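Letters A, B, C and D name the chains as they come in the text, with residue numbers starting at 1 for each one.
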Amino acid sequence: MLMPHHFQITERVQFSETDMAGIVHFSNFFRYMERVEHAFFRSLGMSIIDPPEHGADRVGWPRVHASCDFMAPLKFEEEFRIELLVEEVRDKVIRYLIRLWHQDGTLAGEGRLTTACVRKDPESGRMKAVSIPERIRSKIEAAPAEMLARPGR
Amino acid sequence: MLMPHHFQITERVQFSETDMAGIVHFSNFFRYMERVEHAFFRSLGMSIIDPPEHGADRVGWPRVHASCDFMAPLKFEEEFRIELLVEEVRDKVIRYLIRLWHQDGTLAGEGRLTTACVRKDPESGRMKAVSIPERIRSKIEAAPAEMLARPGR
Amino acid sequence: MLMPHHFQITERVQFSETDMAGIVHFSNFFRYMERVEHAFFRSLGMSIIDPPEHGADRVGWPRVHASCDFMAPLKFEEEFRIELLVEEVRDKVIRYLIRLWHQDGTLAGEGRLTTACVRKDPESGRMKAVSIPERIRSKIEAAPAEMLARPGR
Amino acid sequence: MLMPHHFQITERVQFSETDMAGIVHFSNFFRYMERVEHAFFRSLGMSIIDPPEHGADRVGWPRVHASCDFMAPLKFEEEFRIELLVEEVRDKVIRYLIRLWHQDGTLAGEGRLTTACVRKDPESGRMKAVSIPERIRSKIEAAPAEMLARPGR
């Protein structure tokens, strides 16, 4: 399960994540997607918040794009699985494909996160997209195409 | 401003909507998008929660898809404009195009919501996509193509 | 650890729970407090959402009061412990004392939740405080006084 | 309405603030309380985030304590009033009393926030409670006792 392109965690729906329709509010699917992204970084011995020891080499990962298809609602106290696949690693960008699975093996949702590698420009003080540092790049690779194809239902 | 395909509201970023990167957390862009959708319904004399008086004709609007491109961060206490355009009205589905604008006229984000019109099936008790009732359908139409094209920057 | 008056869980701070001050937003301490309350019910073979099989005997647990003292901030990716103690069980009310602990044994916060046992009145349709059903009451008791005293620091 | 000890705003309950019980989740009462606190500061020409121009004099306002009594639930799309009263101004601390009012004049909730005035210690880098700067202290005073007494219902 610990590969440089695949990672998964199991979570339980919390009451405060539901809405008056009795299901998880759709905005929380994006929080679940971020949760597995950050756990993926930890699984590789890193943190999405680059530690201060990296000094001027420190990078951040703002979102460029996020999307989700909602197939079946998640409900209170349900345990579900969040599966992350690295869809593409480009020079300055990583794209993730993330699936949320009910315990019976049906898809609750499938989403994508595109994150850019940025560093604070010392002159302007603004965030600027930069090449992913080798110390990170060497740990992450795209998943094989067959893992990325949406599973039939 | 009150047309059946265009609506906008102005909001201010709240402290609890920011994250440790000092900007609005990306999941809150989706809450802002929902905020304008619900205000749009109110502007047409309706509520996204169909009132009980509609009885067996009551419908709900779960999300089928949501996406957002993030162009420029929103910051604490900033006032910003959320603009909704109806991109498409199909038999059972409405698609919205939603733009979040900084006060200086630059785009903070541009997203889409696809919502399905559903009704509880009296036999199975499950939600089922149905044709949008005429009382709602007659109030909403797609925006002209030129309004939907992403503005140059 | 599985006693009818004491329960604890370990959680990790998520990015979306932080604010621009770089720490967990204080409102999320209350969500953490609820998280342990619901896990406590699960540990006793129950759910805070009474299952439909209890029919007319179904009860709910709205909050009457919530408070928290904030001693030391919780930070991103930090693992922390949430400890629940039953402070008092009255006829219609349960009061919890909840402590949030850093891994080094210092207190991050100490809070209280007072919840009322309610049932929908069949005539008025409104929620009304009722005696805690014996099936629940028999599983929960107040913690000994020495466990409730705030630990010295 | 613009007095140095009293301020109020009107808000509308958003869908994402509700939970599966069909009412506003109790943790959001604390976000509403913060909302009026920050609007109060703006009404006095200040920001809760001290602007950089104040340099070494910049202060922050972490919470020391928060509490709320919940009287009557807030519901989706309901407009409600949030009323802030300054309960006490001490050398390093401000205490607020905040009431949330339904439109029919009944109380939805009554809470308190205790915030400490802190400044980053240049030597240790840690936050340390300090006397409220005169530029802020001169703008805020405690409300008269009769305004602070809980209104009869």
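The rule is short, and it goes like this: contacts are C-beta pairs under 8 Å (C-beta built on N, C-alpha and C of every residue); 3 or more make two chains touch, one makes a residue touch a chain.
Nothing here was measured: the structure is a model prediction, and the numbers come from that model.
The most distant chain from subunit D is A, comparing centres defined as mean Cα coordinates.
The chain pair with more C-beta contacts between its two chains, of A-B and A-D, is A-B.
The distance from the centre of subunit A to the centre of subunit B, with each centre set as the mean of the Cα atoms, comes to 24 Å. Averaged C-alpha coordinates give centres for subunit B and subunit D that are 30 Å from one another. Inter-chain centre distance (subunit A to subunit D, centres taken as mean C-alpha positions): 35 Å.
In subunit D, the residues touching two or more other chains are 15-16, 20-21, 27, 31, 34, 49, 76.
Interface residues of subunit A facing subunit B in the complex, by the touch rule stated above, are 20-21, 23, 26-28, 30-31, 34, 49, 60, 62-70, 73.
Taken together, the subunit D residues at the contact with subunit B in this complex read 14-16, 31, 34-35, 38, 42, 47-49, 76-77.
Across the complex, subunit C meets subunit B through its residues 15-16, 18-23, 25, 27, 76.
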